[in-house]
Amino acid sequence: MFKKILIANRGEIAVRILRACRELCIESVAVFSDVDRKSLHVRLADEAYPIGPAPSRESYLRIDKLMDVARRAGCDAIHPGYGFLAENAALPRACADAGITFIGPSAEAMEALGSKTAGRQLARRSDVPTVPGANDPIEKPEEAQALSQAMGYPVLLKAVAGGGGKGMRVVTNDAGFSSAWRDASSEAMNAFGDARLYLEKYLEKPRHIEIQILADSHGRVVSLGERECSVQRRHQKVVEEAPSPVITPELRKQMGDAAVRLARAGGYVNAGTVEFLVDAHLNFYFLEMNTRLQVEHPVTEQVTGLDLVKLQIAIASGHRLPFAWETITPRGHAMEVRLYAEDPDNNFFPSPGKIISQHAPSGPGIRLDEGVYEGWTVPNDYDPLLSKLIAWGNSREETVSRLRRALEEYTVTGIKTNAGLFRRILAEPDFLRGEIHTKWLDELLTRPHRVAKESTGAADAAAIAAALWHAKRSATNSPATQTAQSGSRWKRAGRREQLDWLP
Amino acid sequence: MFKKILIANRGEIAVRILRACRELCIESVAVFSDVDRKSLHVRLADEAYPIGPAPSRESYLRIDKLMDVARRAGCDAIHPGYGFLAENAALPRACADAGITFIGPSAEAMEALGSKTAGRQLARRSDVPTVPGANDPIEKPEEAQALSQAMGYPVLLKAVAGGGGKGMRVVTNDAGFSSAWRDASSEAMNAFGDARLYLEKYLEKPRHIEIQILADSHGRVVSLGERECSVQRRHQKVVEEAPSPVITPELRKQMGDAAVRLARAGGYVNAGTVEFLVDAHLNFYFLEMNTRLQVEHPVTEQVTGLDLVKLQIAIASGHRLPFAWETITPRGHAMEVRLYAEDPDNNFFPSPGKIISQHAPSGPGIRLDEGVYEGWTVPNDYDPLLSKLIAWGNSREETVSRLRRALEEYTVTGIKTNAGLFRRILAEPDFLRGEIHTKWLDELLTRPHRVAKESTGAADAAAIAAALWHAKRSATNSPATQTAQSGSRWKRAGRREQLDWLP
Amino acid sequence: MKFEVQISGANKNKKQTRVVELERTGDTWKIKLDSEPVDADVSEIAENIFSILIAGKSYELRVTALSGGVLTVQSGLEEFAAEVTDPRAWRGRSHAAEAEGLQQIVAPMPGKVIRVLVQAGEKVETGQGLLVVEAMKMQNEIRSPKTGTVERLLAEEGQPVVAGDVLCIIA
Amino acid sequence: MKFEVQISGANKNKKQTRVVELERTGDTWKIKLDSEPVDADVSEIAENIFSILIAGKSYELRVTALSGGVLTVQSGLEEFAAEVTDPRAWRGRSHAAEAEGLQQIVAPMPGKVIRVLVQAGEKVETGQGLLVVEAMKMQNEIRSPKTGTVERLLAEEGQPVVAGDVLCIIA
């Protein structure tokens, strides 16, 4: 087993990984940019080293700096987490050169499977059904537009690199094509340093269902079953669950086999996720493979009882997966919501700032993978994911009721979060019946928010609280225009005091 | 199902119960004493009513006030939690008179099983082995002392009412008898309003292993398996786990059958726990039955996936237990530690006060049943249990490693907690081998605390932090003698400010 | 102290105006809502978090101030938007923008203007894109709230902005 | 600023004396430990919680002040007890009790004296019970730290006490 692991990431996933290291008695090494000195992952790691200014291109995306830290700290492995360099083959190559184990697939497997176009070619060769469209990156917009006209709209523009809904646009007609192409490619450039796009036929109301696989370095590949991630906002997953409300044992078997086939064909080793679109007739189409840990991996952990990060580490250090796992039996139902610092009432604009007070829910069936804490200031340089709230229950109903209960308790003041969006989703009849698809949420958001019964009592209390807040603020005669960030004159005074003597 | 449930308790268990109510869409009604207005259970409940001064005899033990609130609020059921009135037959009687459902056994069953002496008589009649000793309360100390001499020391004095180590003393020789009797009976009087004691032969180094049962009102009684609670300080459980490291499937079956037999014999309905002492040869002796929810119930919930509070409610409203449960199969291993506001370095004296800062651990396999929050002041009128930290893992080893990891993260400043005790216990070879008994911890605490390798780095950092803390305090020139409770002049100023305008 | 509170629930367009009167009596508060006395027991739990018992019902209110003085008040599953008018500003209440018919387009959060899609004097339709602001790697198009003309354009491409910065004005 | 810190780890009897020098340079600190410069990066995370990076190693220190000016400093799995001597009190360091050979018996926490087991002038042995204090329903016997006589008895049965109250003095 490894002695010391560098975690080339930040936020909740860095915390998640270092927790696994600690439980395995492996030392964890964190890295941080100038704005992350006080981040939770730095507080909790065994070691922590600065790697430059806030912009990720000057810090978290700098392979040279990461390798330098790994060498100085004497790390024998690097875990990339997700995002940043997790799908950049240059990192495993740099690791190989430095004689450090990369906790992930080989650069070759990453390229064979990770790039969407290459992945789709391999899928076709492995009898894994794919969505009609172009396999290769398209250089000229005109070319792409012509192809779109040929296939017929709607079409989907996607970045060759990366994922997470960035550099992605749906085009429904010729008129919108050029602006969509422009936005998608520049967004891709900013996010991944690679502007190339490809496109594919856009399925109506498909479900997003993905298979979690594990592949060891001894040729064993197993499926841990599916996750349904159909609730998405602009192609960004926001709610994930397992099992899927619609999948049958037969379909689960078929999709699992297809995923295992594809991973084998690509010589894949590591935890990985094979994403499919599933249409109304339960036909499934390969979408792409994520050659890394997923944001939503806890959903699978809660139903299988397995620790995917520990298993990634075990696989990377050459351990074998037990045969028994080819017949993993999940228990109950799990669901995750992604809590972001963003304002649902204002077009989901990110809302960075200081978390003034916080209450994290817990109790039966609740797990919180958190990356923040009270008093911390959410920087505006990175993805605004704060924490992931995961619920487990014996049934989908119990899971939803626990998640709703936890969301009632979940408190963050000082910044706006999207918790309210989930309180709304979990009350929608469609969602409760499991009748969802990848456009469901976007459609919901175009409709006015109807509430079954609005309690007048709560409205009264809210009016009183608003007045009390105002009265208190006046009492501390802070300027009428101040924002929550400086809500309390006393704390501010305290902070200023401290600033005078502490960085 | 019920519409509205009164929770006749406070602290973490009141929070635990109202969470279950919320998940079942049942309204929850909290009660609070004068010092509990800001308690977490009041914050989270749907309704909350004051029931008098801090001393429990004037509030949480006042059946008349509770029934009055239940009537005024229109409750159709009352959940007693544990402690306070949970084992007082007067409460189910008052409920019956008021036509309100008591979520627990009938008064008769409570008396037949709950009272230790009656319980032991019933056990004998049901072929459940018991510890040698007196069945009945003994009025005169002289009598008791004579019996002790006859049975031979050591003997154990126990309060007829209640439990939780209160009103309990071990007597090893004649000399110590009278003072032990005096302390035990007055403690029993204060805790339960009942000074009566009985005594029994004291087994050397026994394990405490208990069986969790569920009994519905249709005659079905099932065992959910055992919990081992051998790590105790002065007869007070502090660490509980399931499964027990020593129990065999045969023994589990025998003890489960015995527990079910006893519950049947007593006409018991509700969740309940049958406690046994298990000696070195795996002989088991009935100790007592707790006719209520246990503090340590989450351990069973984590391995079975069942929600015991919801099941108590379902049983009380007349639902049937499914047959399938007679073959519950636990998964993995669970362990709980009880976090108290007490000072392990100072004879475990309670240390009430204000929680200045707090960080609650979470992440994979971690559950926290909390009763407190940052900024809250722990009153010194009640049992100082703050929260329960529960870990789940695939093996006992993984569970321990997760619990240790969570205890590293667990932060409370402003008051002393016993978290350090658990950090020590979880490093003890005996404990890791599962070689424990009910006196193990008391013996451990008489030995000096040896640490494998004390990191000098941490000691350096601690010295620097102490100096920084002092420097900051001087900078805010607060009096040299002030305690943490008023650690920050700024916050104090803020609080005073607020006090002027807010209660 | 007397406050006028404009409050809306799930439906942000359905605003109600409430008048809240706060009067301290000893260590508690006497509270009137729309001049009706309310049996309310108020406690401050933490900064921006209030616990209020109204005739036994327990409400926990979590207040977050957004730029522009709007408060978000969350309670359980519900969320409210509230604007409080200070007694001192009692008559000074200004709906400036509406009054003048001008719409100020402000940056809702810190970021960078990466594209300006209109020019001063240009006619724009409701919903037409005016600028693109990037923050946290997400590009967000800011659209016109009304049909009119670009009165003034204050932002230029590449310019960093903080929440509340006026980017342009639509007449 | 210069501080003398008396610190002990798991073994509370094994005390070390460290000298910590803090010098602010710009917005950071220059820190010396026993007059050796330390490469330490200090941040205050929250009240009483410090994050300190020493040559890359990350330590989080959680400080709780107990009555009597002793600090508990917890870090990960370890816990330290620290007593800081203020430079201003540099020579004034007093071990009063020891010096006079008198032992003050103080209430370690708030509660109620429910039994007094000795009388003024009575001879007592080390470990002999002096009083019984009840708090949170638990009875705790307070024992004599030394063999001697009860010089003064300041507590009586039924008397409520707060942390730090002197209950009696053993000569």
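Labels A, B, C and D are assigned to the chains in the order they are written; within every chain, residues are numbered from 1.
In this section, a residue touches a chain if its C-beta (ideal position, glycine included) is under 8 Å from a C-beta of that chain, and two chains touch if they have at least 3 such contacts.
Since this is a predicted model, take the numbers as computed values, not measurements.
Across the two interfaces under comparison, A-D and B-D, the one joined by more C-beta contacts turns out to be B-D.
Centroid distances from chain B, each centroid being the mean of CA atoms, peak for C.
Between the CA-based centres of chain B and chain C the separation comes to 47 Å, rounded to the whole angstrom. Separating the CA-averaged centres of chain B and chain D is a span of 30 Å. In whole angstrom, the spacing between the mean C-alpha positions of chain A and chain B is 39. Residue positions of chain D with contacts to 2 or more other chains are 42, 44, 46, 57. Shown for chain A are the residues that touch two or more other chains, namely 44, 359, 373-374, 404, 408, 468, 471-472, 488, 491, 498, 501-502. Pairwise, the chains that make contact are A-B, A-C, A-D, B-C, B-D. The touching residues of chain B, when paired with chain C in their complex, are 30, 37-38, 42-49, 72-73, 373-375, 498-499, 501-503. Chain D meets chain A in the complex at residues 24, 27-29, 41-46, 51, 53, 56-58, 60.
Residues 15-16, 19-20, 22-25, 44, 298, 301, 305-307, 331-332, 359-360, 362-370, 373-374, 394, 398, 401-402, 404-405, 408-409, 468, 471-472, 475-476, 488, 490-491, 493-494, 497-498, 500-502 of chain B touch chain A in their complex. Those residues of chain D that touch chain B in the shared complex are 1, 3, 5, 7, 9-12, 16, 18, 20, 22, 31, 33, 38, 40, 42, 44, 46-50, 52, 54, 57, 59, 61-67, 69, 71-82, 84, 86, 89, 108-111, 114, 132, 134-140, 163.
Chain A meets chain C in the complex at residues 166, 183, 186-187, 190-191, 343, 345-347, 349-352, 356-357, 359, 380-384, 404, 407-408, 411-416, 419-420, 423-424, 427, 448-451, 454-455, 457-472, 474, 480-484, 487-488, 491.
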